[in-house]
Amino acid sequence: MKNWKAHWHEIIFEADTKEGKLFDVILLWMIVISVVLVMLESVDTLNQHFGFFFNNLEWFITILFSIEYIMRILVLKKPIKYVLSFYGIIDLLSIIPKYLSLFIAGSHALIALRSLRLLRMFRILKLGTYVGESNKLMSALVASRTKISVFLFAILILCTILGTVMYLIEDRSSGFTSIPRSIYWAIVTMTTVGYGDIAPQTIAGQFIASIVMILGYGIIAIPTGIVSSEIAKQGSVKGTLNTQSCPNCSAENHADFAKFCYRCGERLEG
Amino acid sequence: MKNWKAHWHEIIFEADTKEGKLFDVILLWMIVISVVLVMLESVDTLNQHFGFFFNNLEWFITILFSIEYIMRILVLKKPIKYVLSFYGIIDLLSIIPKYLSLFIAGSHALIALRSLRLLRMFRILKLGTYVGESNKLMSALVASRTKISVFLFAILILCTILGTVMYLIEDRSSGFTSIPRSIYWAIVTMTTVGYGDIAPQTIAGQFIASIVMILGYGIIAIPTGIVSSEIAKQGSVKGTLNTQSCPNCSAENHADFAKFCYRCGERLEG
Amino acid sequence: MKNWKAHWHEIIFEADTKEGKLFDVILLWMIVISVVLVMLESVDTLNQHFGFFFNNLEWFITILFSIEYIMRILVLKKPIKYVLSFYGIIDLLSIIPKYLSLFIAGSHALIALRSLRLLRMFRILKLGTYVGESNKLMSALVASRTKISVFLFAILILCTILGTVMYLIEDRSSGFTSIPRSIYWAIVTMTTVGYGDIAPQTIAGQFIASIVMILGYGIIAIPTGIVSSEIAKQGSVKGTLNTQSCPNCSAENHADFAKFCYRCGERLEG
Amino acid sequence: MKNWKAHWHEIIFEADTKEGKLFDVILLWMIVISVVLVMLESVDTLNQHFGFFFNNLEWFITILFSIEYIMRILVLKKPIKYVLSFYGIIDLLSIIPKYLSLFIAGSHALIALRSLRLLRMFRILKLGTYVGESNKLMSALVASRTKISVFLFAILILCTILGTVMYLIEDRSSGFTSIPRSIYWAIVTMTTVGYGDIAPQTIAGQFIASIVMILGYGIIAIPTGIVSSEIAKQGSVKGTLNTQSCPNCSAENHADFAKFCYRCGERLEG
C-alpha cells in the first residue's frame, strides 16, 4: 500500500522517472486543451455549431482533472498542505465550475471562475528544460526588483503629471475629458503603444505629446539597462570561471573545467 | 522648548526614528489621497454624485497640510530657507488654492494650481528603501547626460528633416497640412508610438514612412546601449580606476584600492 | 568533361573566384528583380498598364532560373542531394508556377506558389561580407534559444490571462467580442504595437490596459538583456580564452593568462 | 591683409577663441531661426497674418547667410574646396531660393530647396561639448555597421515574406490591397509602430499578425544588443583589469598594462 502511494507520488509530483515525465506532458496537454476550450466557447459562432461537442469534451477534461486532484490528495502524507497551496486551490477552482453548472445555468461568473485554470499553464515553466532558465530570468528580475519598482514609480508620477497637464491644455473634444482619462492617454503614449483613440489636436497639446513620446522613447532604455546588466552579471560570473583557489599558489579564477592550476601547475582538488 | 523643536524636527525631517518613518508614510498616503482626489473631481459623473464628500475630504486634507506646513516652519532654525526651497513652494501652492476657492468660485486656474501638488509625489522616491536605487539611476542618467542630449539633438534634427520631406511629398488630405504637423507625425512614428491620426497614403509617403520606422526601430538601440553600459559600469565597481597619477613616473589609471604604482612600484600617497 | 563540370561547380557553388562572385551577384539581382516583379504584379493599376511587359520579364527570369537549376543539377556529382535540399525545392518551386500558368489560368494559388521564391532572398545573407556577422547573430540567438522560448511562453500565458480578464470586464461593443480576440488585443498592446482597432472604453478596462502596457514596456527589457549579454559575451570570448592547444594533451580553451595546461598540467609555450 | 584673413579664418572655422565660439553660437541660432521660419511659413493661418513679417525676417537672415558665405570664401586659401564640399553646397542652396523668389513666384519647388537648409542643423553636433560624444556614438554605429546591415536585410526579407503571406490570406477589404501595401503593413507592425490604418480582420490574419508582433518585439533586442555591447566595449577599454594576482601578496585586479603590483610593489611576471 505504502509502495503504491510512493510509486504514484513519484509519477505525479516528480519528473525524473519516465512515467513522471509522461504524466507531466499529458497533464500539460490537457491543461492547454482545457484552456483552448474556454477560448473557443467564447466565440459565439463556434459555440452555436460545436456547443454540444464542447460541452462533452469539457466534461471529459473536468472528470480527468477531478481524478488527478483526488490522486494528488490520496498520495500525499499531508494533503492539507497541497489543498491550501496556490496550485491546490487553482486545481480545485478549475473543476468546480463545471459541476456547479449542473445546478446553476452556466452564468458569466462561472466562465470567470473557469478561466482561473489559465493559471495552471504556469506549470509549463516547471518543465525540466525550462525550469533552469526561468529561474535565472526570475532571479535577474528579483535582483533588480527595487530598481524596477523605483522606475515604475517614476513613470507613474510622470504620467500623472503629464496627463494632468494635457487635461488642462487640451480641449475636451479630443478625448481628454477627465484627468484619469488623460493619465491613461499619457501611459498609452509613454509606453509607445499609441492607440490613437485619444490624440492631441491643439499645437500645444501635440508639442507636449512629442515630449512625452521622446521621454518614453528614452526612458525605455532604463529597465533594459537594468535587466541586461543583471543578466550579463549572471552569465559572465558563474558560467566561465569558478571560485575555487589553488591550494599551492592560491591563484583564483580557474575555469570550471580546470583540473590543474594555470599558474603553478598544481593539481586542484574537486 | 528647544527639545520640543529638536524632537519634532527629527520626526518631520528625518526618517531614522520610528515616529519619523511613521510620519513619512502617513504624509505620503495623504499626498496620494489628495492627488487621487484631484483626479476624481475631474470626472464629471463622479463629481456630481460625491461632490459634497469630495469637498469635505479636500478641506480635511488641506487643513492637515496647512498644519504640516506650519510645523515645518516652526521647527526649523532658518525656516526662510525651506519656504523658498522647491518643496517649500510646492507645499504652499498645494494648500493655497482651497483657501482661495472661498473667495473666488473654483475656476479652471485653481485646478491647475491644485494639481501642482502632484509634484509632492516625488517625495515617494525619498523613502529609505528607494533613495539608494533612485540615486543610482539618476547618476547613471547624469553620467550619460551629454551622450543622451546629443542623441536627442540628432533625433530632433532627423524628425525635422523627415517631417519636412513628408510635407513636401504627401498630399494635404492625409493630414500633413503643415511642416510642424508633419514633424509631429515624424516624432510619433520615429518613437514607434504611431497614433494613426496622421498616416501616409501615397506610395512615396509610405516608402519614406517605412524608412522612418526602421530608423526609429534601430535608433532606440542607442539610448538603451548608453544607459545599460552606464549601469553595467556601476555594477562592476571593482573595475573602477581613479584619476590620481604616480608621483614618480606619473602613470595614470590606478585602481581605487591601489597603494603602489603598477608601473614603477612607487608608493602612491592618499 | 570533368574539368568543365569542376569549373562550373566552382562558379555556381563557390564564391572565392572572380567568376563565382560575379555569378552570385547576378543571381541575387535576378532574385531581387523576380521578387519585385511579384510585388508589382499585385498592384492592379500597374498590372493593367504594364501587364504585358511584366509577363515577358517574368518569362525571361523564369527561363534564366530554369537554366541555373539545370546547371546546378548537371555539375553536381550527387544532384539528388541538392534537389531534395531546402534551397533545391525552393529553386524548383520558383520556376514551376510560370510553366503551369500555360495550362491553368494564372490563379491565386499560383501567386502563392510564386511568392515562395521570396525564400531565395535568404541567399543574400550567404554573401561573403555578411556570412560572418549573420552567423554571429544566429549563434547569439541560438545560444539564448531556451531563455527566449521561456520568455515567449511567459508572454503568451500572460497575454492569454490578461486577454481573458479584459473579455470578462470590457463590454462587447468596444471590440472584445471573444477571448481569442481579446488575447489578440493583449498581444497588440503588450508588444506596444497598439493598432487601436480594439481599445478599452470602461475605466476598469483602461486601468488593466495601463497595467498591460507598463508590463509590456518593462518586459521588453528581458529579451534585450538576454541577447545583448550573449553578443557581449561573444565580443569578449577572445579576451578570456585563447585558441592555443596543449602540446601534450591538446586540450583547448585555455585562458589567456594560463601558463600550464588545466587538464594535464603540461607547461604551455608562448 | 594676411593677418586680417587669418584672424577671420580663426573666428569662422575654429572654435577655440572666444570670438570663434560666439560666432558659432550666433550662427547656430540663426540656422535654428531660419528653420523655424520655414516651418511657420508652412502653417497657412500663421502665414496669412504674419506673412509680411516672415518675409522680411527671411530676407534679413538670407542676407546674413550670404555675407557669411562670402566671408568663408574670402578667408580661405583654396575656397573651391569649401564651395564643392557638402556644407559648401548646402550653405549656397540655403540662400539661393530667396533670391530666385524675386524672379519666380515662390513655388513649391523653392520651399523644397529652402528646406535643404535643415541640413545645416547638423552643425549643432559640431559644437565643442558634443563633438566628442557624437563621434563616440558614430564610431559605435560604424563599428557595428555590418551587423546592423545584416540585421536590416533580415528584417526586410522577413517583412517581404510576412507581407506577402498576409496579402494572400487577408481579404482586400481590410486594406491589404497589394503586396507592397502589405509589406508596408508588415513594417508598421514589426517595428511596433502600429498605425491601425491597415489591420487584419480575419482570425488567420490576426494570428499571423500576432506572430509578426512578437517577432518584432523580440527582434528589437538584436540592434540594442549590438550597439550596447559596442558602447560598453568603448567605455571599458581603458578600465579593463585582468585576473592575475601578485606572486608576493597575491593582490588581484591588476590593470592589463600593470608591470608592478599596486599593493606591495612586487614585480609581476608576464
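Letters A, B, C and D name the chains as they come in the text, with residue numbers starting at 1 for each one.
Heads up, the rule we're going with is that contacts are C-beta pairs under 8 Å (C-beta built on N, C-alpha and C of every residue); 3 or more make two chains touch, one makes a residue touch a chain.
Each chain and its UniProt protein: A, B, C, D = Ion transporter.
Being a predicted model, the structure only gives us computed values, none of them experimental.
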Taking A-C as the reference interface, identify its repeat among C-D, B-C or A-D, namely the pair sharing over half of the contact pairs by residue number. C-D
When contacts are scored as defined above, which chain pair ends up with more C-beta pairs, B-D or A-B? B-D
Averaging C-alpha coordinates per chain, one finds the centres of chain A (Ion transporter) and chain D (Ion transporter) separated by a number of Å equal to 39
Would you mind pulling out the distance in Å between where the CA atoms of chain A (Ion transporter) average out and where those of chain B (Ion transporter) do? 29
Residue numbers of chain A (Ion transporter) (touch at least two other chains): 151, 180, 192-196, 220, 224-226, 228-229, 232, 241, 253, 263
Which of the residues in chain D (Ion transporter) come into contact with chain B (Ion transporter) in the complex? 35, 38-40, 42-44, 108, 111-112, 115, 118-119, 121-122, 124-125, 129-130, 132-134, 136-137, 140-141, 148, 151-152, 155, 180-181, 184, 187-188, 190-197, 220, 223-232, 235-236, 238-241, 253-255, 257-267
Counting only contacts in the complex, chain B (Ion transporter) reaches chain D (Ion transporter) at residues 146-147, 149-151, 153-154, 157, 160-161, 164-165, 167-168, 177-180, 183, 189, 192-196, 199, 203, 206-207, 209-210, 213-214, 216-218, 220-222, 224-226, 228-230, 232-233, 238-241, 253-255, 257-268
Complex contact set, residues of chain D (Ion transporter) against chain A (Ion transporter): 192-196, 224, 228, 243-245, 247, 250, 252
